[in-house]
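Chain IDs A, B, C and D follow the sequence of writing; residue 1 opens each chain.
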Amino acid sequence: MPQIITEANLRSLIDSLVKESKLVVGPKEAGSMVLYQPLSNGADLKLGALPRRSSKELFFPICEDILTFGKEDGVTKVKDVDRASFPDAVLIGALPCDAGSPSILDAVFSWDYNDDFYLERRKKSTIVGIACTSCDDACFCTAVGYAPDSPAGSDLFLTPLKDGSYACNAVTEKGEKLVSAHGSLFKEGAAADAAPLAAPDTAKLDLAKIKEWLNTHFEDPLWQSIADVCLGCGACAFICPACHCFDINDEGTPDHGTRRKHWDACGFGKFTNHASGHNPRDIQNKRYRNRIMHKFKYYDDKFGKTLCTGCGRCIRACPVGIDIGDILNKINVQAG
Amino acid sequence: MCQSKNIYLPNLATIEAIVDETPDVRTFRLVFQDENVRENFSFRAGQFAEYSAFGAGESTFCIASAPTRKGYIECCFRSVGRVTEELRRLEVGDTIGVRGPYGNSFPIEDFYGKNLVFVAGGIALPPLRTVIWNCLDLRDKFGDITIVYGARSEADLVYKRELAEWQERSDVRLVKCVDPGGNGPGFDGKVGFVPSVLEEAAPSAENTIALVCGPPIMIKFTLPVLERLGFTDDAIYTTLENRMKCGVGKCGRCNVGNVYVCKDGPVFTAGQVKAMSQEF
Amino acid sequence: MNAKAQKAKGCGIEPAYYDAVTQAIRSEAVKVLKEGAVSAVIGYLPGRRKSAAVPAVVTTEEEAGRLIFSPACVNNLSLYLTKAKKGILPGGKIGIVAKGCDLRALAGLMGESQIKRDDLFIIGINCAGVQGAVAAGNGQLTEASIAKKCRECTAHTPEGVDFVAGTLPHLDGLTPLEAEELARIEAMPQAERWAYWKEQFSRCIRCMACRQVCPFCYCEQCLCDKNRPQAVESSPRPAGNTAWHIVRAMHLAGRCAGCAECERSCPMDIPLNLLNRRMAQELKELYDYEASMAPQEKGPLNQYKEDDDQSFIK
Amino acid sequence: MHAEQVKHDFEPKVVAFVCTWCTYAGADLAGTSRMQYPPNVRVLKFPCTGRIDPVFILRAFQKGADGVLVSGCHPGDCHYMAGNFHARRRFAAFRALLDFVGVDLNRLQFSWVSAAEGGKWVEVVTELTERVRGMGPMKEFKELELEEQWSASLSTPELKAAYDSIT
């Protein structure tokens, strides 16, 4: 028997999680848009819209302190950040294209060296995904192997039902725990019919074929044609659920300061600039190529995963209308 | 409080000695402050570290001292940016941060019994100097050792005292050179660019490994020379020096194609470099 | 906020108007390319999505025949003539499609000696308006989807261009939402204004789209990328964000052409054009300077008069 | 004889950006003439007011200044002919911008002080210092320094201490 939770109870669940001093993050109205933000109560949850930024920032904050330094009586000291104080978190209402991203990023943050900032947050969070019921012409999750009802990455997955309640599917132990700890809010019973799911208007892409094409088309006129238009801003990378490049910078003085890790983008001209002035990716052509290659080839070469969930955010955000879905389609066609 | 390691947390080290190699290149001899780290820090020739000037940031340099010499490490840098200028302001006794060692290394054990040719240009001698001393400290394990080293001008030659020492030694053949116009009166080396001086010196490729390090333009012209001398791609080693921030394969800026230079490199054979995406 | 203005209703602009402009652009672009008068035309091509158009540098008659003008043609193409995008254009005279607001940017760039009028063939558009940042998906221009800048446009008709595309339809007067918002913020007590901007800037993610999309941000080395000394913190925290946006507005004061591309391209919907407008307003009041479609030799901040106001100086 | 020093609860930090030809010499004159003025002011000299980038003023506020003074040669007296004329326009615009984002302009003072006006220097500095003292610390920018995006906010004692050290 599946577990069912009504919408009112879902909001009550948030209330009680907040009471348990958990950090509850979910889609919330923020001015003209919806953003994943900490919810202070159940009423804050705003479902049915794709938040402007992805939920990756719960695990990989836009900017975080990684250590502090300073001088005590003239002696330089370095202090670690107390990661034990990272709060237990529940990400609630994450759409499949967002819920899926941490499981992609786990690989890079834990190969050989463990980035404990990411991993500690990851360990302490439970992801409650929700099936997606609305989409627009930028969505292409189905093209890259996700789906509006894909529970990949979720610990607990909610499917909206026609009667306004949600069918709950515990995907992992974390999800089961969440349900059993708040058993009174869930009830067992026959599920009503599922609400109609979003249906992105894209054909499934053959990612293996695309990768094969990328293997042999490091030099291709395609890159130049995109680079001519691309402005080299970081909008696409920053709102992407899977982009994970970062910069490390010191702020403050040698006497009192903080070392911070913050988002960076491979589209920026200075990203790879050497101190000598030599820049391996000196033109936009190479930088945009790196973006596509990293997502659909390099990451797969290294970690066996594609670095894209098809959320379409980069398409909506691009100031000059560069459309990664369109580019992939073109490659797909060229690859035969 | 028990938590797992913060991979971005540097060890503190004290600057024990400062040597000015050229007007803008400086060597630090560093000693770790923590006794435990001092005792246990070990690395292999070719590995690099992230050095921090607190308040300015971190910069990536190779560890320039030989792994065979314990108790300290050395780094060598040219002041060109925010961090290196801040480092330059530091004095003996000041504290800097060191994270590492990171990356792969030269497979020295595989070179046992072989002749070695070192080819370096300018500020790129430090990554090879660690290997040179490593090999000289185990001198009887190797055959002939030839060092071809050049810089723009006499003043730009780094490690001048060590060059003199190598020149004195009978078991090392040192060919030093400067670019045309960079020689002062009484310069005792050759005048010419590294690739042509190397061609002239013509070390035998027989049972020999070549280790090349220098600016991209020098490498570009040196590889064909080595090929003409009979070196195969697998007998040529070089290091890639890309911009890095994390040093541990996370931040995503040092990659050349699917190769993370900070983890898979920085030491590569010429064959490996040729197989990479040509973007470095 | 005006409730009537928020209501989605037709702007009274027929799709036929955009079709006519499109046809005019196509035939002129094809003509000048064929004659060899220009080596390339910078214009708009349709995107895969209805609500998107993509800037393009077209060099063949065939491509020129696909150029469009639609409510999705939001970009200020003058950006592609600056050194920020150097290397993408072939040599020789370049054709460019320009709306009135873009034309002011072209004039500004000419005033700053970045481009020469003689090197350009300008296809001006009698522009009825384009869509705003959050566009409705169907590509139709409605009162809800029209860009804020277009609601109070004073540059519908291009001046000093080589060719004018389209005839301006009748335009209904729209409420000047942005001017109202500007007045509202100006009327706030100072602490409230600080709180307003603090909230806006805190959303900034430092993607630099506002800088990259601006035709006047063509510096090869932006002050904000410098770290010796570091003028503005590079990390996307409220402190550095605030500094960045103040610096940006200041560097554009007296130069900004009012195309509002910065605000449109901001993925976090920060009302950046309010800053630009406030500066433009101040410079108009103080020095009677306005961005115009005709190049002006000097901007208000690189000239002076001996009797300029100095009542604020002791 | 030194005047009796009054103890205040709050000693504001005032940063003065001055041109080297006029105001710096004027401040020097005030010093050599043994005129008394509040020690709260930190003087930074520049070749010309035309070199004083608005970003310096911003930076001063960010790094803990409670008040900023910008001072140079009288119009017509610029060592470089027109530097202060250009600066005048730029500062007029910058004031408007700061006002628009909600910075209290009472914390920012511009003045012309010539090399002969030691007395005016004392007057300007004293007035600004006392005015800012009355207004209390410049909290706005300092608070910004404390703010984080929600995903990064932490409140460990170490971080708090690091922030508190911004002076």
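Miscellaneous remarks
Convention: a contact is a pair of C-beta atoms (placed from the backbone, for glycine too) under 8 Å apart; a residue touches a chain by one contact, two chains touch by 3 or more.
Since we're looking at a predicted model, the values are computed, not measured.
The pair with more inter-chain C-beta contacts, choosing from C-D and A-D, is C-D. Centroid distances from chain D, each centroid being the mean of CA atoms, peak for B.
Distance between chain C and chain D, defined via averaged C-alpha coordinates, is recorded as 35 Å. Note on chain placement: the centre of chain A and the centre of chain D lie 44 Å apart, centres being C-alpha means.
We define each chain's centre as the mean of its Cα atoms; on that basis chain A and chain B are separated by 39 Å. One inter-chain figure worth recording: chain A and chain C are separated by 31 Å, centre to centre, where each centre is the mean of the chain's CA atoms.
Across the assembly, chain B contributes residues 81 that each touch 2 or more other chains.
Shared interface positions of chain A, i.e. residues touching 2 or more other chains, are given as 62-63, 81-82, 247, 249, 252, 255, 257. Annotation for chain C: residues touching 2 or more other chains are 236-237. Residue ranges of chain A in contact with chain C, taken from their complex: 30-33, 35, 52-53, 62-63, 136-138, 227-229, 231-235, 237-239, 247, 249, 251, 260, 262-263, 265, 268, 270, 283, 315, 317, 319-323, 325-326, 329. Considering their complex, residues 185-186, 188, 190-198, 202, 223, 231-232, 236-239, 242-243, 246-247, 249-250, 253-254, 275, 278-279, 282-283, 286-287, 300-302, 304, 306, 308-310, 312-314 of chain C touch chain D.
In the complex of the two chains, the chain C residues touching chain A come out as 47-57, 72, 75, 79, 84-85, 87-88, 134, 137, 203, 205-209, 211-213, 225, 233-237, 261, 264-265, 267-269. Against chain D, the residues of chain A that register as touching in their complex are 37-38, 57-58, 61-65, 68, 70, 79, 81-82, 85-86, 252, 255-258. By the touch rule above, chain B contacts chain A in their complex via residues 1-10, 12, 52-59, 80-81, 84, 94-95, 97, 215-216, 241-243, 245-246, 248-258, 260, 263, 277-280.
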